[in-house]
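Submitted below is the structure of interest, expressed as structure tokens.
Labels run A, B, C and D following the written order; every chain starts at residue 1.
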Amino acid sequence: MKAHIHITLKQGVLDPQGKAIGRALDHLGFSGVNEVRQGKFIELELTESDRETAMSQADEMCRKLLANTVIENYRIDLVD
Amino acid sequence: MKAHIHITLKQGVLDPQGKAIGRALDHLGFSGVNEVRQGKFIELELTESDRETAMSQADEMCRKLLANTVIENYRIDLVD
Amino acid sequence: MKAGVIVFPGSNSDRDVAVAIERVCGRRPQMIWHGDHDLPDLDLVILPGGFAYGDYLRAGAMAARSPIVDAVKKHAARGGLTLGICNGFQMLTEMGLLPGALLRNRDLHFICRDVDLRVENTNSAFTRDFAANPQVRINMSHHDGNYVASDSDIAALEAENRVVFRYVDRDGTPQYDTAPNGSTRGIAGILNRGGNVLGLMPHPERLFENALGGSGGRPMFTSLMNHFAHA
Amino acid sequence: MSADTAAQSTHEIEITPELIAEHGLTPDEYDRVVAALGRAPNITELGIYSVMWSEHCSYKSSRVHLKKLPTKAPWVIQGPGENAGVVGIGDGQAAIFKMESHNHPSYIEPYQGAATGVGGILRDVFTMGARPIANMNALRFGAPEHPKSRHLIAGVVAGIGGYGNCVGVPTVGGETNFDARYNGNILVNAMTVGLADTDKIFYSAAAGIGNPVVYVGSKTGRDGIHGATMASAEFSKDTEEKRPTVQVGDPFTEKLLIEACLELMASDAIVAIQDMGAAGLTSSSVEMASKGGVGIELDLDNVPARETAMTAYEMMLSESQERMLMVLKPGREGFAKAIFDKWELDFAVIGKITQTGNLTLTHQGAIVADIPLGSLTDDAPAYHRPYIIPKPSGNGPAADDLDPGKVSGGLKGALTALIGSPHLASRRWIWDQYDHTVMGDSIGRPGGDAAVVRVHGTKKAIAITTDVTPRYCEADPVEGGKQAVAEAYRNLCAVGAKPLAITDCLNFGNPERSDVMGQFVGCVEGMAEACSALMFPVVSGNVSLYNETNGVAILPTPAVGAIGLIAESAHRATIGFQAEDEVIILIGGFSAHLPQSLYARHLFENEDGPPPPVDLDAELRNGTFVREEIASGHLTNVHDISDGGLIVAIAEMAMAGGLGAVLTLPDDTPLHAILFGEGQARYLCAVPRAKADGLIEAAQAKGIEAMPIGHTAGSTISVNADTRWDLSELKRLHESWFPDYMAG
């Protein structure tokens, strides 16, 4: 089973990368971009085949390592 | 309109971040993880409301800046 | 030798390389703003080290889309010498002037230390003066120096003697799999096919005189100077 | 504008006792607010008082004692009270430096906390017109085996590197300690040194009625609101849950801000300038206006905001990073704006200087705060908190109580255990992650007694060190305070620098406890005594109190950051042995003082007794001698003796030089006491045989104890022919602890 994890900065937390990307897009002549936020996308290949167990494993991994929950949110999607 | 962009390393390209995460997970005692790949998740807030135009804009942004197509693939999803 | 250093927002070794060139070659390079569209008449264009645009998104990515870049590409296409150090090397790959890409160091840490390099090709304008002593110690200082390229690109680089700098052990053993940053085949610096565009991760300008703890990087600057003196 | 309008114009948030307490104000303090205003404050005003009267901004517990520190010397240009201290280094040049703590934020989010700590201290220095040339970091972590330590170390080191490397200022040194007393309160103290011309130094006192007040840098978001009050509150179990909005650093913007500010500073457009540090817009505007004896009026509608619907309260208390406030000469706004536009930074005129003596804020057409400035600064509370200075307990262990026979491997095992312990193992794992070579002037890199950075384009160099031995301060605050200053002095002398001045970061627990307050007072008094005796004044600093968790205070940690001047950078000393068969000379005599040594504490878990006494006359005499010998070119290999004692210092010299030593030591005192005693004011040096007698005679002529104790040789260290250590084995232990631990 695969877990697809999106890690994004919490609302209100400064995103220096997103800000700089936004400016660079502007310089390249892309005018219609209001906001850019950059996050992470992590794909895990799990041996676990039970969805519930896989989900709770992935959740623990996010809390313990993958996400910095002080400033980041995470979302887990399981894909077979 | 929002564009959600996933940027992932091409198959076969070494992923130091993914590897390091894999090692760290292992270390933390998460045993059932076969492979980890880390990519980027970029959210763009576009003023454009026409889907087709928005898609072609986002595609151009990916090719010109957001992705390095030598090593990376990208996928764009439009979200209203 | 008329050298120019491109200054990007976030460049931080622009002054250092200019100082090294002035001290070794006697003439201070011109500093050129990334927002300009034209280059003055130059023998050598340098893309310096640093964190242009914070290295946000990908190291060198945004800088490689600066207004000045078209002029740099034209200069290189004409055969003009172009040197990218550290962040500059990353930019050269992002511009497509050199193959491959530089990923995060294997252990994900930034690494600043003096490393041993073997100059594998002492036939370029950048490296002739290394011929007498092709193993040197210079400083590396980067977060993204883990060179990757397709198998065919790597094969071509090796076959055409375009791997110019390679990480080696003290005794000269190549670090094919053990470079501190994980770089493929221990690659520290490469040349383009034309032999006029060089990118390398370590900083020759940080060890160019003994007061700094070594002068392993100095021959690069004397090579360039002599190249133009003899031209 | 009357006070009543200010009071009425807010969103009618009722000021309850709970709200007052949440803002960290006592009922008494609240009464003082009401008295100062002549009415009740509104929420914005309450917020402003709360941050300005917080321990962090007001120094209310420490102020009365900080006055004891000497701050003057002929070379001091600016002492405490400005953003950073300034000392002259000749030729019309000045070194500007300061150290600051970012302890609590680094515990909550180690990467961003440490990173923004570096950003903040850089701004304190370049706001005075200096180009930053070096960063240092003094770190204290919990016990290595504590479950959080690894994560905190990894995050803090990555954060310091992430920020400093990106802005392109070399991080050239620091110190790192581990102790269980920091388990719940790590210390992250960052220091920056910059260079400026003495006629181009910028101060923060606002002047010129009507002059524009300008905001530059990043936009304001809801970052770290209440960070300043958080930095003054004791941690409790639920702090980790509350997790205030953490500030995220943007080193790229900081780099642009440095370049833009220095570019503007080359002109004469600036009247006053100050960074927005803790308590952001509030403290910067209040301090600038009150120092200038003027009033200030801000229109918050013009503050560049990152988020929508920000209230006046939020804008005034936000701790968004990479922002500065300046007062410009009238008519120079356009000129200044062009520079910030070029660097793509925000620039906004947000107010003007007035003659009211008040801080007046308008937002959406209404006056939202109107406060007499004096009540926020000079008239802020100052407490004479009760204190008891702890005294050392008894004489501590005698040499016989600490018999090396009880250590596994005996005398030999004692050194290998210490050199590979967390306390003495190499910190290479840390400094490897810091760009310490950028700017091309780092000639004394991490690993020496003091870092040495050339003054660009001159023969001069600045030496920099940070020091304190918290276990000494715990055992005897007064001696510990002296020792911190003395060790900094010694580390500078050991590279050949003339010690100039210090900055400090006084990290302690809860000052409302008389024993903790006693530690603070004792350390400050000890420091003051040492600073006076050594002509080594304090020119800047910072106090961080309430470093405790669930009632357990940190070790008293008055970190000292110090700089010295090397006149000829070619004449300096390094710690590694340089050649075979050089005579090793001990300056300052043998010591057998084992109580509070690493030997006693680490190998015997004995924490009793007094720390080694500090003889300030000897420090001055020996230090001056060593530095003058280096300056005149006679000495190039020196190391001071500190943690671990004589044999550890020898081992460090041997490992750094890749060359062993043969030592002959007296047998009238227990050898382990001579090897591991931590007596102060001592140095080791090695010189060619032909120079040895001359050096010893020169020392003795000045009343300094100096004697040969052996010579450099081979690849082992031996003592009196019966104890021998293999250098490569020592080196392996010394180098492997940190990477192995972090990988574990």
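By our rule, contacts are C-beta pairs under 8 Å (C-beta built on N, C-alpha and C of every residue); 3 or more make two chains touch, one makes a residue touch a chain.
Remember, predicted model here, so these are calculated numbers, not experimental data.
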Pair of chains joined by more contacts [C-beta pairs], C-D or A-D: C-D
Length of the line joining the C-alpha centres of chain C and chain D, rounded to whole Å: 36
Centre distance in Å when chain B and chain C are each reduced to the mean of their C-alpha atoms: 29
Distance between the centres, which are taken as Cα means, of chain C and chain A, whole angstrom: 34
Junction residues of chain C - those touching two or more other chains: 53-54, 56-57, 62, 65
Two or more partner chains touched - positions in chain A: 16, 20-21, 24, 28, 38
Sequence positions of chain D contacting 2 or more other chains: 250, 252-253, 344
Interchain contacts (touch definition) - all pairs: A-B, A-C, A-D, B-C, C-D
Chain C residues within the chain A interface of the complex: 53-54, 56-57, 62, 65
Touching residues on chain C, where the partner in the complex is chain D: 9-13, 15-16, 19-20, 49-51, 53-56, 109-113, 139, 141, 143, 203, 205-206, 211-213
Residue ranges of chain A in contact with chain D within the complex: 9, 12-16, 19-20, 23, 68, 70-71
Complex interface listing, chain D residues touching chain C: 158, 161-162, 165-168, 250-253, 255-256, 343-344, 431-440, 442-443, 445, 454, 569-570
Chain D to chain A touching residues, read off their complex: 108-109, 111-112, 218, 221-223, 243, 245-250, 252-253, 306-307, 320-321, 344
